[in-house]
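Chain IDs A, B, C and D follow the sequence of writing; residue 1 opens each chain.
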Amino acid sequence: MTEEKLFTMVGIRPESATPEKKVSRRKGFPWVSVVLMTAIVLCCLAAELLMTKDPGYLDLENFNVAPNGEFLFGTDTLGRDIFSGIWYGGRISITIGFFATVIATFIAVVYGSVSGIAPAWLDNLMMRFAEIFLSVPGLLLVLFLQAILGQANVLTLSIVIGVTGWASIAKIIRTEVRQIRSSEYVVASRCMGGRFFHVLGKHLAPNFVSCVMFMVVMNVRTAIVTESTLSFMGMGLPLEIISWGSMLSLAEKALLTDSWWIIIIPGTFLVTLLMCITNVGNYMRKAANRKGSNL
Amino acid sequence: MSEILLDVQRLSHVFKLGKYAVIKAVDDVSFQMKKGEIFGLVGESGSGKSTVARCIMNVYKPAAGKILYNGIDVCDSRAFRKHRKMLESSRQIIFQDSTSSLNQRMTVEKIIAEPMSIHHIKPPRGSLRAEAEFQLSYVGMDSSYLDKYPTELSGGQRQRVAIARALSMEPELLVADEPVASLDVSIQAQIINLLRHCNEQHGCSILFIAHDLSMVEYLCNRVGVMYHGKLVEVAPTAALYANPQHPYTKALLSAIPVPDPIAERNRSHIDFDETAFDREGTMVEIAPGHWVLRKEDSQ
Amino acid sequence: MEELLKIENLTVGIASPAGKVQAVRDVSLELHPGEVLAIVGESGCGKSILCKTIMKLLPKSAKIEGGKIIANGVDITDYADKDMRRLRGKLFSMIFQDPMTALNPTIPIGKQIAEAIAIHEPKLSKEKVYNRVIELMELVGIKQPHERYKLYPYNFSGGMRQRSVMAIALAANPKILLADEPTTALDVTIQAQILDLLRQIQTKLGTATILVSHDLGVVARCADRVAIMYAGRIVEIGTAEEVYYDPRHPYTWGLMQSLPALNKGAKELKTIPGMPPTLIDPPKGDAFACRNEYALEIDYLEQPPMFRITDTHYAATWLLDPRAPKIDSPMGGMGHV
Amino acid sequence: MRRNPALYYGKKALVFLLSVFVLSVAVFYISRLAPGDPLMSYYGERTEKMSVEEKEAAREKLGLNDPIYIQYIRWVENAAKGEFGISFKYKQDVMEVIGSRIGFTLILGGIGFVLTFAGALLLGVLCAWHEDKWVDKILCKGGTLLSCIPEFWLSLALILIFAVTLRWLPSSGAYDIGYKDDWLNRVTHLILPLTIVVLQHLWYYAYMVRNKLLEETRADYVLLGKSKGLSKKDIMLKHCLRNVLPSYISMMAISVPHVVGGTYIVETVFSYPGIGALSYESARYHDYNLLMVLCMMTGVLVIFCNLIGGIINERIDPRIKANEVVQISEVTVD
């Protein structure tokens, strides 16, 4: 490159648009939790293939047997095989958790959007009610409804848990809807003639779905915990219907006979599933660019 | 059709706070806009200029006064419903903060095509995508941006997409609510050139709302100055900047810093005494097209 | 006279998910006592990062990767936070852009100013501190200081809050005052008052000031020397008169030409095409080359060094190289408004 | 801000009474309408053997035949006079039944409440101070795990370890027989249930304090504090924490029912003689009078705490007033 050539004026040479490196969200993806969760859920759904014994059969000879070759996870005080009980029971716990969340989310979406769009006084009233509903201890409410409905089965329990779990999601949806409603692209869309359903479909729904996902996932978790607690206390599913909760309700007697496996094994499954759900939920909530601390 | 595109008559709007406190955001404002004109509305924050813009776009229902657009009073709901289609397509608005004026969940193509899809108009250039592409190239962006999301664009590009969306319906009136306030100087110039280009080529008149007075001086034909909800002075740009009449306009113009060190150093700015500002008084025409808010007696 | 502050080839990198952003690249400048140095540039050019690096107010993800900062003759580049604390407020202090969020909303104004005094003079009696606060409030033009001592930030207007922040910054009468876009969030009339206040304080107390801004008008009002920054580097530095009336760097020309105030009758504003580069992997040569219509071939290959125009006026562009073709600056027509 | 405090508190009191009234009507009606026969709890098995007339006479005696609203009005009159009727199951005056047991619940819930919120504040500040360092990471992981363990299973696990295998701590009852007034014995009985109550709520509030504190450290006034020369400790404690406290205190008020009232699981597992199990039984066996009092107590507690939380929020945190002011400026901007 001669000096003369170096100094010739070449003007603007638009630099090649370097493709901006896509910030991959894979970095923080909770692989372990997702794999574990799917494994547990799949095994529960395919319980029939895995079950070695009939979970409901009361094998009176060998009750309270420690885990051995035949009974992989041992048997409980009524002689039922825990291994097959885990998969069969798991399916019920998960279905209740799922149904309850579907019900809770549905009520929350309706309640939240109405409250978000309603005039100030109605919105205030609905939020006061939601707050009071939220501050009543959840279990007492469920317990109260449960006692009234009498004997529980999978469906009634899901409805009861669902009906008492909607308040927190509703509050989040209401704040989001209120925020989106006043944002400028909704004002612009309304100026252009966008009617209520156009705005709801194109602008409101897609925007508040993402931020509600975290709450929905957490609701599945709370529903499963509520179900197992109720069944443990003898208020949820009766003994004959096997779920992780009802299996643990035999733990009282197990404590006397110091048979640890009746308590530990169902418990570990329950805690692992809940842990995976929480990790997935937290991953969804992590805002993409958290500003660094100024401290 | 009369030459006046927009005629705002004694517009007033109040915001209710709690049961008793009421804030008079816009107080008895009247002005007209001719077709093909760029009318600047300036004032500091809290002066009510954005509220006027939103009343004109029917976002707020004003407490009092009339707004005639092509002879139709947009505030009267019956008239509005009769001409709804025309009103909604021929008036468009663009906002200051480009991040919140575009839906983050929609691609650029859908954003630009939204007005057309709302009104189910058959796009003249074949598909909605082709139409969006044409509008995008008009505002100086190539079609590779069609499938991008607003978060992937810079501030200037987002504002261009907002303008493309507004222009896709060939509007007669474009209300620009501080379109360049949050952009850098060099990008501001690009957007201002684009707006001037739209005005000249499309003949669409622009209501330009800003607090950057040097930009208004460059772009607008006539300027209105607002203070605390009152319109204090309206005049052709040259006349206003040459000899401002109202004390507030004088203070405002003297406060603009000029990029010239020597001139700037020995220039002291005039202070405006808020207490002396009296809200009553009518618009007196002291020169052709130059109106000032003044008490009747003091001529 | 000995410089109050000397920065030599300072380089600062900020780690971000999309890669390391080189916010400040090899910046050198000095600040003399009683002088107002303005740093002008568009958003993303690193002017605010440079300003915060001097006082080490950088977030954890930012690191000084090279160069030296010499404050009052002492090299504070690798000072630990403990040592920096003694200097902050005493040697230099800072005013921020958005007065709405700069003050703690739940503590009365007077108390926040008193806290700034007590840090560096712990032994002062309560009574003396109170008088000092009142004196500071009067200095920055807050009327009825006694009543307003107890009020909360939300009782104050934007302008008043910015004055309180200035009172806090001047509490331990620092030698250097760093102002990071102090008037951007304010209205025009209040901005004029705050700029006049800055000038009064600078003349009365003689504090050297670094004013960071993107508005050439604001800078013209109170700057003695001006440094133009682009993509993390200083591209032109000189006295206000030199930079405004005889700019030599194409970027400065571009900035001046896109100002409506300077081309009153022009049909169309002359704009700088393209967009500022992301500083994750800046181009080999001059970062402004790809937007510069006067770019030379060498601009795409090598960074231009600082060329000396006069003792106080320097510009980093190959156009000033003797071998470069002579072109007259397009600013001929402009000048006094 | 307020015209006069009397009007403000008057309005609040009115809202309180109204909510209590609505609650009482709801509880009264729901319990009456629900399926199930109240006589079961009064006469137990003998109800099957009783003939139809006897049942009628028994129902008449207990006044269960009148329309519900008459029963409600009668209940309100008695309640005004301070006697809430007798519990069908325990055949004692309802207040005595509750009185004997409420003390235990208050001890367990009360101490649990204090420990939870003190611990949550300490833990939250600790995590925020060591943000993104190993301390914070471990505590977060541990806290999330703890919050994933259902309360009843945690109790079982601790009983299994401490009571069954190690035999250090008793696993049931409030005191051993015969040691009624030996307070040391009572304390040992309290240790396990108290740990459960605290561990159950600790991380939820600690995580909230941590996140609110971290949010404050992102604020601009932190930079101003640093540029004054304040140390990290001063800024964190004097400025950031001070802004978190108002919402923390109102959170404490709102969660009184959760922590103090939510002890029935622990009471059942540890067969601790609190009012926990009572509320379930009364609902299950339609012991109306007992049910009404228990529900009203919880309900009133909830509404009262909500009100207090709201008032605290407004009084302490000037920002709430600021929000109102900001809202005013937002509305009139331009």
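In the analysis below, contacts are C-beta pairs under 8 Å (C-beta built on N, C-alpha and C of every residue); 3 or more make two chains touch, one makes a residue touch a chain.
Bear in mind that the values here come from a model prediction, so they are computed numbers and not experimental data.
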| item | value |
| --- | --- |
| Maximum centroid distance from subunit C, chain identifier (CA atoms) | D |
| Chain pair with the higher count of C-beta pairs in contact (B-C, A-B) | B-C |
| Chain centre separation (subunit A, subunit B; CA means) in Å | 47 |
| Euclidean distance of C-alpha centroids - subunit B vs subunit C, Å | 32 |
| Whole-Å separation of chain centres (CA-atom averages), subunit A against subunit D | 24 |
| Approximate Å spacing (C-alpha centroids) for the pair subunit B, subunit D | 55 |
| Subunit C, residues touching no fewer than two other chains | 57 |
| Subunit B: positions in contact with at least two other chains | 45 |
| Where subunit A touches two or more other chains, by residue | 20, 292-294 |
| Partner subunit D, residues of subunit A touching it in the complex | 131-132, 135-137, 139-140, 143-144, 147-150, 221, 225, 228-229, 232-233, 235, 248, 251, 255, 258, 260, 263-264, 267, 270-271, 274-275, 278-279, 282, 291-295 |
| Touch list for subunit D against partner subunit C, complex | 219-221, 223-232, 238-239, 242-243, 246, 317-319, 321-322, 325-326 |
| Complex contact set, residues of subunit C against subunit D | 55, 57, 81, 85-90, 93-94, 96, 98, 101-107, 115-116, 119-120, 152-155, 165, 168-169, 171-172 |
| Subunit C-touching residues of subunit B, taken from the complex the two chains share | 44-45, 154, 156, 184-190, 192-193, 196, 211, 213-215, 217-219, 251-252, 254-265, 269, 271-272 |
| Footprint of subunit C on subunit A - complex, ascending | 1, 3, 5-15, 18, 20-21, 23, 27, 289, 292-294 |
